[in-house]
Each structure stands twice: as C-alpha cells, then as structure tokens.
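Next come two complexes, and both contain chain A; in the first it sits with chain B, in the second with chain C.
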Partner chain A sequence: MLESMWVGLQLVISWKVMGLMIVATFIGNFFGAVPGLGGNLALALMIPFVFGMETFPGLAFLLAMHSVVHTGGSIPGILFAIPGTGPTVATIIDGYEMTKKGQAGQAMGAQLAASAFGGVVGALVLALFIPILRPIAMTFGSAEVFMLIVFGMTFIVVISRESIPKGFVAAFMGLLLSTVGLGAHTGIGRYTFGQLWLWDGINIVTIVLGIFAFAEILSLGAKGRKAKIAQVNIEMTWAQLWEGTLAVFKEWWLSVRTAIIGCFIGIIPGLGGDAATWICYGHAVQTSKNNENFGKGDIRGVIGVETANNSKEGGSLLPTLVFGIPGSSGMAILLGAFLILGIVPGPTMITDHLDMVWGMVWVMVIANLIGAVTLYPLSRYMGMLAFIRSSLLIPCIMVLASVGAYLIRGFWQDVILALAFGLLGYGFKRWKYPRAPLILGFILGELAEDYLHKSLGVYGFAFLKRPVVLILLAMVILSLGFTIYKSYQDKKKARGAVA
Partner chain B sequence: MTHKRNRFPRVIISDAVVFDWVLLIGFVVLAVFAVNYNARARSIPMALGILGTVMVSFQLIVDMFPPLRRKLGFVVESGLMADQKEESPTETDNVNSAEAGNYGGNHGKGRTEAIQEWVKILRLIIWIAAFIVLLGVTHYLIAVGLFVVLVTRIEAGESWIRSIVLAVSVNIGFFILFNLILNAQL
Partner chain C sequence: MKLKGNVVFNGILLMIFAVAFFISLKWPAKARMYPMLITTAGMCFSGFLVFMAITGKDAVREQKKASRKKAAKESGEAAKQVVTVQSELKMIFWLALFIAISLVMGFWVSMILYIPLFMRLYGKESWKTVGIFTAAIWVTIFIAFHVVMEVSLFGGVFNLGWD
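On to the complex of A and B.
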C-alpha cells in the first residue's frame, strides 16, 4: 500500500503533469466562475483534447480541472450574488452579506482556504477508504459487477430530484445508444444502418459534447444571459484575505466536520453537490453557538458550505473508481474520459492499478491547493467573469465543441451526430428530463452487457442466486419499493390536507 | 338544470408533448429495428426499446391529459431529493435576464416568443453546419477565426473590431492550449 502511495506521488511530481495541472486549475476556475458554463461543460469540452495524451497526464489534467470548478464558482457568488455553479448557491447567503458589509476580503479568504481544506480532506477520506474497500472489491465477479451497475443506475434515478419515469427514460435511452456498433458478444453490427463510421459505435465524446456542450450552446443562444453589475464594494486587502484564511483554522472543528459530511454525501451516487452544501450549511447553523448572525454575513456560513463543496468531489470519486458507479454527473463524464484514456473503472482499479488511484488522490490534493493559492491575487478579477456577455461566449464554446467532436476520430459525421445529441440534450434540459442517467446508461451499457453475457456464460441464470447479487437485487427492489411507498404516502397526505 | 360533466379530458398539444412523441417514436423505431438481429444481439436492445416505449407513453399520457396526473401519480413522482432547494443556475438557467438584441428571449413567454426562440436555435444550428463545412475545406485555425468573426458580428451584433479581436484571441488561445500545451492532434 505504502509503495503504491509513493509510486502515485512520483506519477504526479513531474514537470509535465504539474504544468498540466496548473493549466487545468486555471481552466477549471474559469469555467466555474462564468455562470452558465460549469464543470460538466468544462469536462465535455476538454475530453477530446486529452485523447492523444498519455494516460496519467490526461487523467491528471481532467481531474485537476474538475476538482477546482467550485472554488472558482463561489467567487462571483460572494462578490456579486451570482452563483457560478449550482452547489455554490449556499455560499451566497453569508458570503454576499459579508461583501455588502465591506468584508469581501475576509469572505474570499475563508472561501479559498475552506475550498482547499475541503478538497484535501476529501482526497484523504478517499485514500482512507482504499484499503477498506480493496478486499470487498476483490470478491466481486462479473455477476456482482453487473448487478452493481443495475443497482447504481436505479439508485441514481430514484434518488435524483427529477421525475423518476423521466430518469428511467433517459437511462434506457443511454443504454440503447450504447448498443450501437459491432458488439463483442453478438458478432453483428447493431443500428449501424450500413454506415462504416458507426461500426465502432458512438464515441463517448460525441455524446457528452452533444448532451452537455451543444445543448448548453442552444440553451444559452435561446435564452441569452446578462447579469447586471451589482453596486457593491469588492475592494479587498491582503490583510483581509489572511484574516479570512485564519478563520478556517480557528473554526477547525467545523471545517473538519463539514468536510467529512460533504465527502460522505459525495460517496452516495446521485445525491449531488446541492445536497452536500445545503446539508452542511444547515449543520453549521444548527451546531454553532451564537448562530443568530447566520444569513447576515457569518463567516462560518461560508466555511461550512465551501469545505463540503470541494470535499464531496473526493467522495464521489470513490464509487466511480472502485465500483464504476459515478457519484455525480461530472463523475459520469469523467468515467467516460477514463475509458477513453484506457482505464476501466471498477473493482480491478484498486486491485490492478492501485498506484494510479493513489496518483489521483495526490492530484486532488495538489490541484485543490494550486486552485486556491492562484486565486488569492486573482479573485477580484475572476469575479468579473460573471459579466461576460453570452454573445461573446457562444461562438467560442461553439468552435471548441465542434473542433472537439471532429478531433476525436476525424469524422465530420461525428460533429453532426454531436449536434443531433445537442438537440436531444436541449429537449432534455428544457422539458426536465435528467441528462446524467443518459450519460451513465451510455457509459455503463456496454460494460453491463459484457458482464451479463459473462455471468450467463459461467453460471446461467443461477448467477441471480449468488449472495452478493441477491443483496444488490434486494437493494434495487427496496429502493424502487420505497419510492412507490413514498408516492402513496404523499398522495395520502395530500388527500388529508384537502379534506 | 344539470351540468353534464365531460368524461374525456381535453387534449393538450404543447411543445413538451411533441418532444414526448419524438422520444416515443425513437424508442419504437429502435425496438422494431432490433427484431432483425439474431436472438443474442436483439434481446437487450428490444427489452430496452420496449421499456423505454412504456415509460415515455406514460409521460406522454400525463402531458397530453394533465387531469390524469392524479390517477397516474407515479409518473409525476420525483426522486427522493426533490425536496432539496432548487439548484440555481449551474448552467444557463441560472442567469439573471435575457440579453436584449443579442440572442435574447425568455422561455415560455407566449407563442411568439417560443417561435422566436426556435428560430434562434435553428439559426445556431445553421451556423454550426456552416462551421462543419468550413472545417472540412480549410485548416482548423482559419475555420475557427472566420466562424468567430462572422457569428459575433452577424448573429450577436457586436462591432467588427470587437469581433476580430475576439477571433484573434480565440485563435491564439486555441493554438497555445491545444497545439503547444496539450499537443492535440489537430
């Protein structure tokens, strides 16, 4: 274990990887700070460009970028009450109030230090769980992994905020799209329509770019975006920033607690970043003495939210790596990137590629530190990114997405396909069909079919009688059953209220 | 005088219903196509196609006949985290207001606005199609530059100078990031 940890560190400590991580943290902070972009879009746009890179540098680039998105995302929230990303909304409650009171520096210092602290704790919790989960993962065969995929997909749909049937529609669509091309177990091309370029199936980049990037372009183009510059004093001094930074360590027990809570929420697939930040904000309010200032500019409100915001990324990487079940939509895209880079997440990840897992832990630690440190002098200017007009953003994202879709295989048909998925993604976004289950279904579909055929080949239908499979099957039934029960209870309550 | 209640709920044909139909047709077509494959190849796509068809059908029914939502409660049931605070604008939803003149407009503010929105989307699609053609006939940096200048000037209504400055900046950024740093195979 210690040797893998050391090898992992050696993977990170190289000029190339460190340089890429610095670039990645800037890009991640940028995409976080500009409302309307966000981490998913950053990943979708950048995946094609790491295609030709070596495995670990490419992985470090994407992971570093993803790790710091919320660090940048909180800045416009604190300075102008414009959230860069969804989970940073909770930061505004106290962060913006502090800015209005002339304490922008303290709020920014606390935000940056708490983000870095949370990110590091998240990575450490991830590291802590590796030896615990390793023996469990080693007992998983093809039957267990197949059922785990089924459970993961069901759980993500059931626990999400969106409509459950719509979630299943999205998941089935993703699974169906994953069957396009020549199947390893079937020997024939499915849904290729005589097109040679479809024989290899649909590339994950094409679908991610379409569902996230092109859909956002169309949405941005249809709605437009303009934020009015708020008339607040965002002047900040180094002394204020330092004061805010120290507050994170003065409130160390709150920082540790919220970081750990955030991390554990991240581990549960489908709960999402909003749940982590709001739960931790609530926890900070409930457990703090003299909590009457929360909502009026209490620095503990910023600390509680920001530690959770970054620590949950470490947590959500855990099920992604160990079981191949992403903890969030960002992780679902990252999972696709792992496959492109030649890494198959799942139990074999911590049995065969432990050094790489440790490398990822180090990447998260270092990227969070770089992301925060570089923002100390730049935060004021990063906040102004919230006011970039959509008319200037759209052409840039359009070319980035189109070039990305073309780059991956050199087929112009892929760009057209990405555009078609963009329309589908726009429809999903507009009529509230969740997009993450579609991506997840697409990514896990091929693996699920592969493991199902292997399980049937080895055990026949008796694979359903294996103990772990039975437990997972029970969990699938329970999660669906609980949802139906909840629906019945809600209906009963509503009827009671009317009566 | 007795008021005779209409037994059949009124049919709603909204854009959401049209989208449900598109999804339904998609699932049906994919399920039907799967019939042609051998038993091993068709089992999973057929099952998924049928399941997807059933799910979308329920959605379509409640979207077309909203009063049926009460009877088909499970169709509108949200996930367990539905009570969480609404996610703010991670993406484009989260922004304050429409940008007048430049791609502007709001969702769902009447039929005219909806049509205007779709026209804007159609225009963007045409621009992307034009970019694909450009990408095929010239070097990617030339295509990117030309595309950014034209879209920024014509579609967004920015000045020529601003459009050219943006195009040059994007070109330089692309070259540094993808050719020099990432060594991408463009």
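On to the complex of A and C.
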C-alpha cells in the first residue's frame, strides 16, 4: 500500500504533469466562473486535447480541471450573486450578503481556503477507503457486478427526482445508444444502417459534446446577446482575504464535519453536488451556536458549503473507479475519458492499478491547493467572467466542440451526429429532462449487457440466487421504492401548496 | 388546435423507441434481447409522458412554472432573456451553418468565414472585436492542434488544410 502511495506521488511530481495540472486548474476555474458553462462542458471540450497524451498526464489534466470547477464557480456567486455552477448557489446566501456588507475579501478568503480544505479532505477519504474496498471488490464476480450496475442504474431515479418518468426516458435513450454497433457477444451490427463508421458504436465524447456543448450553445444563443461587462467596484484587500482564510481554521471542526459529509454524499451515485451543499449548509446552521446571522452574511455559511462542494468530488470518484459506476454526471463523462485513455474502471483498478489510483488521490490534493492559491490574486478579476457576452462565448465553444467531435475518431459524420445530439440535448433542457441519466445509461449500458451475457453464460438464471446478488437486488428494490415514495410525497405537498 | 412543444418532443422520443424496437425484431434472439427490453421500457415511459402532455395532467408543474415566470418578469430581469421559437430556430440555423461550412470548406477556412459573420450579424460586435477574436481563436486552434498535438483537422470537400 505504502509503495503504491509513493509510486502514485512520483507519477504526479514531474514537470509535465505539474505543468498540465496548473493549466488544467486555470481552465477549470474559468469554466466554473462563467455561468452556464460548468464542469461537464469543460470536460467535454477538453477531452479531445488528451488524445495524444500518455495515460497518466491525460488523466491528471482532466481530473485536476474537474476538481477545481466549483472553486472558480463560487466567485461570481459571492461577488455578484450569479452562481457559476449549480452547487455553488448555496454559497450565495451568506457569501453575497458578506459582499454587500463590504466583506467580499473575507468571504473570498474563506471560500478559497474552504474549497482547498474540502478538496484535500475528499481526496483523503478516498485514500482511506481504498484498503477497505479492496477485499470487497475482489469478491465480485460477473453476476455481482451486473447487479451492482443495475443498482447504479436505480440512481437514475434519484437524479431525476423532479420527474421520474423523464429520467427513465433519458436513461433508456442512453441505454439504446449504447447498443449501437457490433454486439460484443453476437457480432451482429445493431442500428448501424450499413454505415461502417457506426460499427464501433457511438463514442461517449460525441454524445457529451452534443448533449452538453451544442445544447448549451443553442440555449445561450436563443436567449440573445448579453449585456456588457458591468461596472462594479469591489474592494478586496489581502488582509481581508487572510482573515477569511484563517476563519476556516478557526472553525476547523465545522470544516472537517462538512467536508466529510460532502464526501459521503459524493459516494452515493446520483445525489449530486446540490444535495451535498444544501445538506451541509443546513448542518452548519443547525449545529452552530449563535446561528441567527446565517443568511445575513455569516462566514460559517460560506465555509460549510464550500468544503462540501469540493470534498464531494473525492467521494464521487470512489464508485467511479472501484465499481465503474459514476458518482455524478461529471464523473460519468470522466469515466468515458478514462476509457479513451485506456483505463478500465472496475474492481481491477485497486487490485492491478493501485499506483494509478493513488496518483489520482495526489492529483486531487495538489489540484485543489493550486486552484485555490492561484485564485487569491485573481479572484476579483475572475468574477468579471460572469459578464462575458454570449456572442463572444458561442464561437469559441462552437469551434472547440466541432473540432472535438471530429478528432475523436476522424469521421466527419461524428460532427453531424454531435449536432443531432445537440438538438436532443436542447430538447431535454427545454422540456426539463435530466441529461445526466442519458450519460449514465450510455456508460452503464454496454457494461450491463456484457456482464448480463457473462452471468447467463456461467450460471444461467441461477445467478439471481447468489447471496450478494440477492442483497443488491433488495437494495435496488428499496432504493427505487423509497425514491418513488419520496417523490410522491413531494408532489402531494406541491399540489397542496398550489391549491 | 395549437400543438404543444412538449407533446411533439415526447412524441419524437416515443417514435425513436418504436422504430428501434421494430428494427431489432429482425435480429437473432441473443442480439435483440437487450435492445428489445430497453425499447419496450422506453416506449412505455415516453408513451406515458405523451399521454400526460396531451391530457394536461402535468398542470401542477405548469402552474408552478407560470408563477415562477411571473415572478421573474416582475423583477424585470427575465424580460431581456425571453426565449422564443424564432430565436431558437435562428440559433439552430447558426449552428447548422457552421457545421455545413466546416464540412464543405474544412475547419480552417470555416473559422475565418463563420466567426466574423456570426459576431457581426448575431452579436453586432465591432470590426475590431471581430478581428481580434477571429484571429485569437484561429491561432489558438492552430497552436493547440497543428503545432502541439500534430493532428490534422478536417479539410472539407476540397481538403483545405495541412496534412
């Protein structure tokens, strides 16, 4: 274990990887700070850039970028009440109130330090779980993995709490797309329509670029060009930033608690960043003494949210790596990128590639520190990114997305396919279909079919009687039942409120 | 009767699942088992959504949406960002135009042609901004993909580019 930890660190400490990580943290912060872009789009657009790279540098680049997206995302939220990413909305409650009171520096200092702290704790929890999960993962055969994938799919329902049928439709669309190409167990071309370029199936990047990048272009463009950069004057001194940073360590017990809670929420696939931040904000309010200032600019509100915001990424990497079940939509895209880089997530990750897993832990630790440190002098200017006009953003995203769609396999048809997925993604966005289940369905679909055929081949239908399979089946039923019941209760409440 | 957008969209999804289901009927049992399961379930859920949209059973959600819209309008912010079918179609046209130019002329030429066109006509940007942005995007792509990664971008029908 210690040897793998050391080898993992050696993988990270090289000029090439460190340089890539610095670039990645800038890109991650940029995509986080511009509202409407976010981490998923950053990953989608940057995957083509890792094509020629060796496995670990490519991995470090993407993971570092993804780890810091929410660090940058909170800046426009604190300064202008414009959240850069979804989970950073909770930061606004107290962060923006602090800015209005002339305490933007303290809020920024606390946000950056808490983000770094949360990111490091998340990575440490991930590291802590590796030896615990190793023996569990080794007992899993094809039948157990299949049922685990089915269990992972039930989280589609959790992701789609707003409309469960829509979540299912999105997931089945993803599953359907995963069947395109030559069947691995039959050699029959499915939905290829005689097209050679479809024999290998559809690449995850084409789908992600369409569903996220092209759909965002359409969404941004349809709203019209935005107003010019606002003339804002935000006073922020180094002393204020330092004061905010120290507050994270003064409130160390709150920081540790919310970081750990955030990390555990990240482990549960599908719960997502919004849940982590809001739960931790609630926890901070409930457990703090003199909590009457929460919502009016209490620095503990910023700390509680921000530690959870970054720590959950460490947690969500755990099921992604060990079981191949993405903990979030960002992790689903990252999972696709892993496959492109030649890494096959699953139990073998911690049996055969433990040094690489440790390398990822180190990447998360270092990226979070770089991300926060570089933002100290830049935070005031990063906030201005929230006001970039769509007429300037759209051409950049459009060019990058189209080039990316082409470069995946060198087929021009993939560009057209990405456009088609863009229209589908825009439809999803327009009519409130969650997009993450489609990605989750696509990624898990191929694995599910593969393990289903393997399980049937080895055990026949008797694979359903294996003890671990039965436990997982019970968890599937409980998870589905509970979420559907909860959704029914919420709707009942909503109806009551409208009436 | 005016056809609602969500009915059309749900209908399209239902049609995709239905067509995929009928296509899979031609395959051997082992190859069609999994797609048939997926498409059948997909048809059930999308059919349910079409039914809900036609009968207006999701009225509660619509009502909530309407009250949110009203609140946003009152704040005066949303009025500037109203999405109309026309603006959506315009944006789809712009996106399709870029892809079409790229497929004919290749990425290198399409960037030079399309970006100024988009920024001037859609964004109403000044010539100075247009010039700087076009050059910046083109040079960034050139350095990143041609110089650093040494990959060749699609040259279009006329193969306009570097190999």
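Quick note on the criterion: the second predicted complex is superposed on the first by the 469 of 499 C-alpha atoms of A that agree within 3 Å, B and C clash if a C-alpha of one lies under 4 Å from a C-alpha of the other, contacts with A are read in each partner's own complex, and residues count from 1 in each chain.
Please note the rule applied: a contact is a pair of C-beta atoms (placed from the backbone, for glycine too) under 8 Å apart; a residue touches a chain by one contact, two chains touch by 3 or more.
Bear in mind that the values here come from a model prediction, so they are computed numbers and not experimental data.
J.: Determine, under the contact definition given at the top, whether A:W278 touches first (chain B), second (chain C), both, or neither.
T.: first
J.: So, does A:I188 touch the first partner chain B, the second partner chain C, both, or neither?
T.: both
J.: May I ask you to decide whether A:V458 touches chain B, chain C, both, or neither, giving the answer as first, second, both or neither?
T.: Neither partner.
J.: Who does A:L470 touch here: chain B (first), chain C (second), both, or neither?
T.: Touch partners of A:L470: none, neither chain B nor chain C.
J.: Looking at A:V344 after the superposition, I want to know if it touches chain B, chain C, both of them or none. Which is it: first, second, both, neither?
T.: Neither partner.
J.: If we overlay the two complexes on their shared chain A, which of chain B and chain C does A:A239 touch? Say first, second, both or neither.
T.: Neither: A:A239 stays clear of chain B and chain C.
J.: In the superposed arrangement, what residues of chain A touch both chain B and chain C?
T.: Common to the two interfaces on chain A: residues 49, 51-52, 163, 165-166, 168-169, 172-173, 175-176, 179, 183, 185-186, 188, 190-191, 214, 217-218, 221-225, 227, 389-392, 394-396, 398-399, 402-403, 406-407, 412, 415-416, 419, 423, 426-427, 430-431, 449, 452, 491.
J.: Which bits of chain A are touching chain C when the two form their complex?
T.: Of all residues in chain A, those touching chain C are 49, 51-52, 163, 165-166, 168-169, 172-173, 175-176, 179, 183, 185-186, 188, 190-191, 214, 217-218, 221-225, 227, 389-392, 394-396, 398-400, 402-403, 406-407, 412, 415-416, 419, 422-423, 426-427, 430-431, 445, 449, 452-453, 491, 494-495, 498.
J.: In their complex, what parts of chain B are in touch with chain A?
T.: It comes out as residues 15-16, 19-20, 22-23, 26-27, 30, 33-34, 37-38, 40-41, 44-45, 48-49, 51-52, 55-56, 58-59, 73-82, 84-85, 87-100, 102-107, 117-118, 120-121, 124-125, 127-129, 131-132, 135-136, 140, 143-144, 147-148, 151-152, 155-158, 166, 170, 174, 177-178, 181-186.
J.: Which bits of chain A are touching chain B when the two form their complex?
T.: Touch residues, chain A against chain B: 19-20, 23, 35-38, 40-41, 48-53, 61, 82-83, 85-87, 89-90, 157-169, 172-173, 175-176, 179, 183, 185-188, 190-191, 214, 216-228, 270-272, 274-275, 278, 389-392, 394-396, 398-399, 402-403, 406-407, 412, 415-416, 419, 423, 426-427, 429-431, 449, 452, 483-484, 486-487, 490-491.
J.: Once bound in the complex, which stretches of chain C touch chain A?
T.: 5-6, 9-10, 12-13, 16-17, 20, 23-24, 27-28, 30-31, 34-35, 38-39, 41-42, 45-46, 48-49, 52, 60-61, 63-64, 80-81, 83-84, 87-88, 90-92, 94-96, 98-99, 102-103, 107, 111, 114-115, 118-119, 122-125, 129, 133, 137, 141, 144-145, 149-151, 153-154
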